[in-house]
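Please find the structures below.
Here subunit A shows up in two complexes: once beside subunit B, once beside subunit C.
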Partner chain A sequence: MNMHAITQQKLRTGVVKLCTGRMLDNNNAHEMIEAITNAQHSEYKFIMIDMSILEFISSAGVGAILGTVGLVRESGGDIILYNVSITIMHILRVLDLEEYFTIKENEKEALAYCGTAETPA
Partner chain B sequence: MLPEREICQAVFLPAEATPASQITFERDLDRLLNVPSHIVDVDCSGLTRITSGHIGILWWAQIRCAENAAGVRLLAPSPGLLRILEAMDLRDLFRVGDVAPNPAGEDTIWQRLDTLPEYNDDYPVSVIDIDNAIDRLVAHLVRAGVPDLIVFDLRTICYEVSTNIRLYAQLEDSQTVSLNAAIDDDKITLRFTDSGPAFDLTAHGKTIDHRIMPLNRRYHGFGTAMILRLSDRVHYARADESQNILTIEKYWRKRP
Partner chain C sequence: MSLSLTTDQAITDRRLLALDALSALSSQFSRDPDFGRLISAFILTISGQCAAADCFIVVHQPGDTGDATLSFATGRFTNLETARYLREFALKGGTLHKEQGLIAVNDLAAYETLTDVYVEIESRGVSIVAPLLCDEQLIGLIGIGKRVDGRQYNADDIALLRTSLNTISPLIANAYLFLEIVNLNKWYLQIIDHIKQGVFVLDASGIVRKVNRRGTDIMAALAPNMVNSGTLIGLSLECLFPEKLFPNWRQKILEAGNIPGGKILESMIAKGPLQDKIFNVRIGKIEHELSSHAETVISLDDITKSKASEQRLFELEKLAEKGAMASSISHELNNFLAMILGGVEITEIMIKKGEHGRAGNALDRLKNNIMQMERFTTGLMDYARLETRKQSTDLNHLISDILSFITVQKRFAKIDTVIQLAPDLPQIEIDSDQIAQLIINTLNNAADAIAETGRPAGRIVITTGRESDHILLTITDNGCGMTPDVKDRLFKQRLTTKEKGHGYGLMTCGKIIANHGAAFDIDSTVGSGTTFCFRIPMA
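Let's turn to the complex of A and B:
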């Protein structure tokens, strides 16, 4: 199994799910940036990132999400992190990003957030 | 008859934090809270693996009990659970009963430390060599009985320092980074030595301006802040005008 693979799945109109591999570091941070940017270009407003199997995130991995979230929010959407493990949450907390990022417990809550955060056209 | 404030009741923290077990826990806790009580005991003895779901259950229990003017006491929490609560600044919210014995045994840890050989590693800074070096360091720390969360922090520090050297020190293929790890009673010291151009990591701040970074579409540049934030003390020295020596200290426990 590729530890760095990032997969994509459409959940519903305007909402896409990206699943990280076990690692998000310098080796695949650019792929995460590409995946988020491509999703946005494909008219997905909400990008949900499933971190359930993520074991390690480096500064480059955090930077890939942090550097793209502004663009997504500017267009009325958001990046939602969910299934975040205790250790990954610890890193986000150390970096003071726990409040800045939208973090949900599980996919159901993340999807619900996409529904309530969506503004009528 | 016990005085009222001594009345205690117990509810079991489920081994697996599934939606079904959470519902059962909440129902059991609410049933106990129907009876006047100042302390609700949460029995943690069945816990073999700690997940964010367990922390969520304990957090919910604490709020629910506080609403009913009761406190939560953890029975037989593992040292690992207490460490996680401490790392998340939640430890003080709970009273703690008897702590479950550490499977490794406290004395064993100290005996192990006394006999542990000094750790020295020299590795080239290719991606694969860095990964292998981190695996060796982690194995050493685990062997020494260092707690998981501290191992995770040191692994991250080692990755960030080594990657910085790989990206910026312009080392030849034959040149290596030297890593020395010393585990003392109360702290772990990592010393990285490389022969790249002078780079004082401590001159950089801990600040991460997460409001500005997204506006500037900035993806990199806070690895140094991450290292500084994960460490308790960082010292830099330039030796013989040719070597960077970065010393990082991380406190991990107090010797009993």
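Let's turn to the complex of A and C:
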């Protein structure tokens, strides 16, 4: 399997899941931006990124999510990272992004967050 | 907010992460030279490192401070209007940043000239602007938005940013240079793709490294299987020019490749599936400053069509010559017939008048006219019936025989004939009758040329000699000589400068020379004389 492949799956109305490959770096950072932008244009408010098999993320990969999350949030949605490994979490922590990004333990929690976030206050 | 992790270890991790990512970017660029992608990846790296969602880079070619800039952005800076302000800011503030380096946007308020754009970019969320410098040349600006955690940039962030910028600036400059080389290479390849010759570049070991479009087309026409089975790149010289399709090409190309300055092999024949093709093949070397291994450039110029036109023209000329010859022969014969008819009529009148003496004179003139006509028709037959039967002949002996009977003729009576024959001349394969005719015609012309000067005596020198695998025969006279125009047309077409000549004698000589594969040189000066030099191959 291509270690840089990014796949997409609709979970429910307004929610889409993107699965990373084993690597998210300068080779596929643009694809990630494109996937997020396309999802946003396709009326998906919540973009869940499954990082269960992600082994390496470079700062270009981080920048790809960072550069798009603001725009997603501005339109009332969010990007949710889940199944994040300890190694990847360490990098996010080093960059002081652990609390900036919405990070959930697993898909169930991520989906629950989407439901909660959608509920009007 | 987790600020507790900005420890020494965390800072080191961040720098390593940044350098790893930048290093990976530059190595990827060398494999896939996409400049836009490289700069975009730089932005992603910087934004990732600084934890800033918004980032932009405005770059221009090193040495170019004009408007030829490229801009790239992430996050909110992708807004077109924001991008326009950032570009304007980069143009206005470039010099300042070259001097001041990295500046917090808050501090820009102090610079009056930048007030307008400062207000704009500050309101659009730019926090830090920094120059991209390479060898102290400004190649662009980078702008970074606020940190996503809301925290101010601290000294560690600034140090990391400086490290990253110091790394990416030369990478951008090198990428530009690399891109320029790639574009230049593409440009040259496009040029050679548009020339009408097929061009093949072979490396020092004789392997094809480059072929232009015309080269591929030529091979596709001559050897479709070769092209259909894949690219021509990587083929050896032997496979590119197989002996069956390109007889003797490989050997000649190899020999020509060793000649300094290259060589043109003219009219090389390639055996095509439908028709043979004729090429002028140029072989040259490309020397490299950095390598002792020279490449070979082979260019094929298809001259099949021009050769066919040439042949057609030649045939038309021959046809026209035949037509002109027939017309000329009719004209000459009519002249003779008119003279003979006139002579018969005069004779008839004289006889009727009983003037037998005058009738006898008229009959003499009639006889002369008929003999002249006979000479003319004999000349024609000589020209038409030249069949070559070569046999081993002693040329010196042949010349001696000819001179023994020709010099007693009246036209040679006052001519001093000198013979200088090489003693060790080998026997040669010639048609002795034809060569004898060539010598006699040349000697007769020499005698006539001497007579034309009006001098009481003349001199003809006949020499033989050997040059490589040819026998040289020279006949020199001190006659009237000939003009360059006459000299150029000699042997090629019916030509005479003599009052009573018909021109077929020289045409016959031309045919004899051609029949023997011989060559000739003429050295002539009007008023001084002429030297004919014939080079006759020994076999």
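The rule is short, and it goes like this: the second predicted complex is superposed on the first by the 118 of 121 C-alpha atoms of A that agree within 3 Å, B and C clash if a C-alpha of one lies under 4 Å from a C-alpha of the other, contacts with A are read in each partner's own complex, and residues count from 1 in each chain.
Operating definition for what follows: a contact is a pair of C-beta atoms (placed from the backbone, for glycine too) under 8 Å apart; a residue touches a chain by one contact, two chains touch by 3 or more.
What you see is a predicted model, and the numbers here were worked out from it, not measured in a lab.
A.B. asks: Since both structures carry subunit A, what do subunit B and subunit C do when superposed there: clash or fit?
C.D. replies: After superposition on subunit A, subunit B vs subunit C: clash.
A.B. asks: Thinking of the overlay built on chain A, is A:Thr87 touched by subunit B (first), by subunit C (second), by both, or by neither?
C.D. replies: Touch partner of A:Thr87: subunit B, not subunit C.
A.B. asks: Which of the two partners, first being subunit B and second being subunit C, lies in contact with A:Asp96: first, second, both, or neither?
C.D. replies: Both partners.
A.B. asks: Is A:Glu105 in contact with subunit B, with subunit C, with both, or with neither (first, second, both, neither)?
C.D. replies: First partner only, subunit B.
A.B. asks: Of all the subunit A residues, which ones make contact with subunit B and with subunit C?
C.D. replies: 25-27, 29, 58-60, 62-64, 66-71, 90-91, 93-97, 100
A.B. asks: For subunit C, which residues count as touching subunit A in their complex?
C.D. replies: 1-3, 5-6, 10, 13-14, 17-18, 20-21, 24-25, 28, 37, 40-41, 43-49, 51-55, 74-76, 147-149, 151
A.B. asks: Would you tell me which residues of subunit B are touching subunit A in their complex?
C.D. replies: 50-52, 55-56, 84, 87-88, 127, 148-149, 152, 155-156, 159-160, 163, 167, 208, 210-211, 213-215, 217-223, 225-226, 229-230
A.B. asks: Hey, which residues of subunit A end up touching subunit C in the complex?
C.D. replies: 25-27, 29-30, 58-64, 66-71, 90-91, 93-100
A.B. asks: Where on subunit A does subunit B make contact in their complex?
C.D. replies: 25-27, 29, 33, 56, 58-60, 62-64, 66-71, 73, 84-87, 89-91, 93-97, 100, 105
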